[in-house]
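Paired with chain B in one complex and with chain C in the other, chain A is shared by the two complexes that follow.
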Partner chain A sequence: MPHEQLLLRRLRGRPSAGLVFSYVFIIIVAAFCLFPFLWMVIGATNVSKDVSMGKLSLGMALFDNFANLNKLVNLPLVFRNTAFVTLVGTFFTLLVASMAGYGFEMYRNRHRERLYAFLLLTMMIPFAAVMIPLFRIFAKVQLLNSFIAVILPSVASVIVIFYFRQSTKSFSRELVEAARIDGLSELQAFFYIYVPSMKSTYAAAAIIVFMSYWNSFLWPLIVLQTNDKKLLTLAISSLSSSYTPDFGVIMLFIILATSPTLVIFFAMQRQFVAGMLGAGK
Partner chain B sequence: MKTIRQSGLVRHHSTAGFHRSTGWMFVSFALILVGVFSIYPVISSFLLSFQTGRGAVYHFNGLGNIQRLLKDTVFLQALKNTFVYFIFQVPIMIILALTIASVLNNPKLKFRGFFRIAIFLPCVTSLVAYSVLFKSMFALDGLVNRMLLAINVVAEPIPWLLDPFWAKVLIIIALTWRWTGYNMMFYLSAMQNISPSYYEAARIDGANAFQQFRYITVPLLKPVILFTSVMSTIGTLQLFDESMNITGGGPANATITISHYIYNVLFRFTPNFGYAATISYVIVFLVAILAFVQFKLTGDDHAA
Partner chain C sequence: MKKFLFVVLALMLTLSVFAAGDKEAAAAGPQKITIWAWDPNFNIAIMEEAKARYQAINPDVQFEIVDMAKADVEQKLLINLSSGVTDGLPDIVLIEDYNAEKYLSSYPDSFADLSSSFDYSQFAPYKVKLMTVGGKTYGVPFDTGVAGTYYRKDILEAAGFRASDMENITWDRFIEIGEAVFAKTGVSMCAFDPTDGGLVRVMLHSAGSWYFDKNGKPFLAGNPVMEAAVATYAKLINSPGTMKTSGWAEWVGAINSGKAATISTGVWITGSVKAEATQSGKWALAPIPRLNVPGAVNASNLGGSSWYVLNSSKAKATAIDFLKQIYAKDNDFYQKILVDRGAVGSFLPSQGGSAYMVADPFFGGQKVFQNFSAYMQKIPSVEFGSYTYEADSAIASVLPSIYAGGSVADALKAAQAQLENAIK
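Coming up: the complex of A and B.
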């Protein structure tokens, strides 16, 4: 008899205790992950005192916060600087890294394989170990406080080279052979055949590289010195480390600074995740 | 050139040579840049670590910097903090990420896409932005304390930013929030490659969900777990943004990281590039050793 009851219960499709537990667990985790975003939005509408007191309802201070933010930070300048560094940096990183990934994969030879293995090893070098000489290099050539100094050291990103080489393995060599027969030079074959056919690889890589420039902090903090060169991360950090940080203003600022990456994330979720995980496969 | 190309026989030979140089052309920009901005600096840093001085004048100091390092209480504190983050934060995060991934891998669970995105979303924020966000939530009379008081978990507000112990806990909470979803994505995509037949066989043998997780999922994911632990370890050793922006390294250097201390030696105190380089080489060695140890550990396990 108890056996039949058990069978009946299973047939009715009642969710198992395990599944219920799974739902409870995953809902709690998701709530923890999402809550700070909600907090950020609420905070942006409240005055600083309410934010630091933990007020959890929308306030009326959004426009005041925006006006104050404009007084404290030259928003157009900071956004322009960050966009410049990010776009120029992303462009050159994709160019240099995809050429290298393509070169290593399409024109294999013994010496380059060895150099490639060595290149992968350099990924392990911590940034702290290079930043001091880097600072001195740029001081010597008088390029401190320039965007070139911010961008140049990360243009040859080994992880992006690796990503392009891995993706090039699935690129069909016949396309390039055909291009050669049609009389295209090797460079033309790269730009007219390879680049257009690897759009999704470029998209995924672009997202990651974009993020890393947009969010970079330590190196810009070291090389950029004047207010007219401020980037978003530097401006946020200096606002929050002032003696009396205005948290309502800061929350609004963080929303503005994070929104481009959020938009990219929601518009191109698949490439975003692919790019983030790309290096691990 | 034209004549060589026109003759079919020589042409093959010439394109091979041509391709060799073309290959170098494609990789040369990257190689030069890595040479100038990575390899030269890492060597230069090594040489610098045996020198001392101020401003622009440096002289050879032998192992003087290392002697100074061993007596430097702030450095030792930074080293200790880094180990605390590494020993507690990395395992907590990896176990949590594995658990979340295996829950999300259950096809019976609904809204999996939504949960996946929600848990991954913290990765979209910049390190500076989320650090400041956490700082604002964990003030003494702030949101988190108010909530904890309201549900009677604590009798008095926790001094998150003022107490050496709680400040470390705060950094660990923040890091876990930011990076769990990232690691979870790796596990999830690896789990999707595990054949369901393994689980079916285990169920027939009477294995419960935990046993399946322990004896099928974890062993098969070992390479990914290894990879993410190495990445997280290296990340932990290089922490900067959080220490700088959540706690400012305080109270009394209780949360300062090695990178943060290097920054202070370089730009907050009288700059001493030589000594800063010595400290940075501690990170280099720790990264090398820990990566090696972790590889060794999982390798042996695999063989057994």
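Coming up: the complex of A and C.
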């Protein structure tokens, strides 16, 4: 931990003005970032009226809010649906994107770069522009109102392919060549050699992909139709537009909905940072 | 390796099972009515009540009431209509009144013409007008956003004003009273969000005017009613008696905490006013002030929505019958939704019912819903056109310059240009 050592060495003497300033700055910024979360926790324990009056202390309404939330939303169902979409979606996205990123980097082909550039170009098209054609396609193949329809369009995520290709650049080609000589097939080389050595890349990508499925809103809104297919984001949104929104209930629901992503992030934070810095070194 | 491929195959199988399940559900038959609406404590809960009542008459009908945010209903509806895919459309959809004409004039064939299915003389005239396009009436009028001024009797009395001082007044008089109340009691007369132009809409509607002319063209610049409305609103915002708030929560918080003495808006705010039980008995209701222009009345509206049947519905006849049996017939239903949900419907025969006659101790024994019912019948009919929200944001963008004392006519010219640009 070189950063901490550096910090300790600097702290041994009198803290410099610069250091004090940067800490004050960091604390202010952190306060701005953390306040909404604090507000969310406080809000979840208060009745709606107190939330709107700006009460800043914990209230007694947490259990009432939970009871009301339970009345309005089928919590086990939306959590189960969201978990299913997120886990299956993350699995397939990582599989497809890592294979594609690996393939783009490891196999030479005359059209490789052109194809890759074309793939990157598709990132420039805003989702709004492809939404209606996509909707028509899924209607044609009778997949509206299915979780396949939610997952399928984002399985070949260009940004994740790009990330895997960049990370694969630091993966040593010799490992795979040695594996080939030892008689491993291409798929075996991928699964037995590449995947284990890229663990931190997978972890970082998993967090990002997990969050994007967990928080996905617009596309699920359009393709999912019945109450039994409802996802968390859709359920939260449906609570927000009313003549008299119940802020306490909404805050509590948001805490419940964001905590799994928080847990995942903190559990995988180290791999995430390592993955971002570059794996395979 | 084999194990891995097995896992992949198993996952794919699971997925396809999920997909197959849907098709069966969709083919369950024409006796299922799917409804899209928003607001779980209001529209959704009311539809659940209607469903229970209809199932007592016709037990074979199944319902799927899908609860989404209002913006989500609109987005979903728009994508389904514009993609030409009817599989995903519901049988009945709730559309906000301000946006009704947008859908009805853009996709007239997608909605069922109900002109001959309902006796529209039994509904509030202004509601019927907004869902009539090209001589055809499409919807079933539902809740009204009839406006009123809720005020704190105790605070106004402390400043020397009586109930009769709040009746039949103009906004200019309201501002005068507000300044006197603020000077004497230190309590703000009212709270408004300067970035929100909702009250401009209320003022326009009270004068029977809107952002558009008869042909649906933007009519902001050179519209005398429009000029009066924004000038009055700016005067109200700049008045020392007005507390400036930001966002919905702070606005409602202002009255709950006793910092503001009145709130002038749609009847749907009743529940939020009554949320502060310690203020029970201190509140009263008066008609909304009117705009100081010829023809303006002390009655207006903010919000409200109505039910529409889709032409693509496989259970169209049942859907229409459902709306007819409940929303155009069942008086008792309207009493129940008023008591349980604070919903004021626009079906006139229901408003003589017992729930409308209740003297509410929170309002010092005033029969507020009877008052609202009387106000509702005076609301002028206007055509909302297709771009109310675009016009709203054009007005909101020029309001700051009017607050700062700029020329109203110039600001409205700028707003007109912006609106024309936005809807081109």
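As a working rule, the second predicted complex is superposed on the first by the 243 of 281 C-alpha atoms of A that agree within 3 Å, B and C clash if a C-alpha of one lies under 4 Å from a C-alpha of the other, contacts with A are read in each partner's own complex, and residues count from 1 in each chain.
In this text, a residue touches a chain if its C-beta (ideal position, glycine included) is under 8 Å from a C-beta of that chain, and two chains touch if they have at least 3 such contacts.
Note that the coordinates shown come from a computational prediction; the quantities given were computed from them, not determined experimentally.
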{"item": "Partners on chain A (chain B, chain C) - clash or fit", "value": "clash"}
{"item": "Contacts of A:M53 with chain B and chain C, given as first, second, both or neither", "value": "both"}
{"item": "Touched partner set for A:S240, first chain B, second chain C, both or neither", "value": "both"}
{"item": "Partner chain in contact with A:F104 - chain B first, chain C second, else both or neither", "value": "first"}
{"item": "Contacts of A:T258 with chain B and chain C, given as first, second, both or neither", "value": "first"}
{"item": "First, second, both or neither for A:I222, with chain B first and chain C second", "value": "both"}
{"item": "When both partners are placed on the shared chain, which of chain B and chain C touches more of chain A", "value": "B"}
{"item": "Touching partner for A:V155 - first (chain B), second (chain C), both, neither", "value": "first"}
{"item": "Which superposed partner A:I132 touches (first chain B, second chain C, both, neither)", "value": "both"}
{"item": "Contacts of A:Q188 with chain B and chain C, given as first, second, both or neither", "value": "second"}
{"item": "Touched partner set for A:L72, first chain B, second chain C, both or neither", "value": "second"}
{"item": "Residue range of chain C overlapping chain B upon superposition on chain A, of 240-248, 276-284, 294-302 or 330-338", "value": "240-248"}
{"item": "Contact residues of chain A, present in both the chain B and the chain C interface", "value": "51-54, 131-132, 135-136, 187, 218, 221-222, 237, 240-241, 247"}
{"item": "In the complex, chain B residues that touch chain A", "value": "18-20, 22-27, 29-34, 36-42, 44-45, 48, 96, 99-100, 103-104, 106, 108-109, 114-115, 117-130, 132-137, 139, 141-147, 177, 180-182, 185-186, 189, 209, 224, 227-228, 231, 234, 237-238, 240-241, 244-245, 248, 258-259, 262-263, 266-267, 273, 276-277, 279-281, 283-284, 287-288, 291"}
{"item": "Parts of chain A lying in touch with chain B, wherever the complex brings them together", "value": "15, 18-19, 22-23, 25-26, 29-30, 32-34, 36-37, 39-40, 43, 51-54, 56, 96-97, 99-100, 102-104, 106-109, 112, 115, 119, 122, 124-137, 152-153, 155-156, 158, 161, 186-187, 190, 214-215, 217-218, 221-222, 232-233, 236-237, 240-241, 247, 250-251, 254, 257-258, 261-262, 265, 269, 273, 276-277, 280"}
{"item": "For the chain A and chain C complex, residues of the former touching the latter", "value": "48-49, 51-54, 72, 88, 91-92, 95, 131-132, 135-136, 139, 142-148, 151, 187-188, 191, 218, 221-222, 225-227, 234, 237-247"}
{"item": "Chain C residues touching chain A - in the complex, by the definition given at the top", "value": "1, 4, 8, 11, 14-16, 18-19, 22-23, 25-26, 34, 38-42, 64-72, 75-76, 79-80, 82-85, 87-88, 248-250, 252-253, 256-257, 268-269, 271-272, 275-276, 303"}
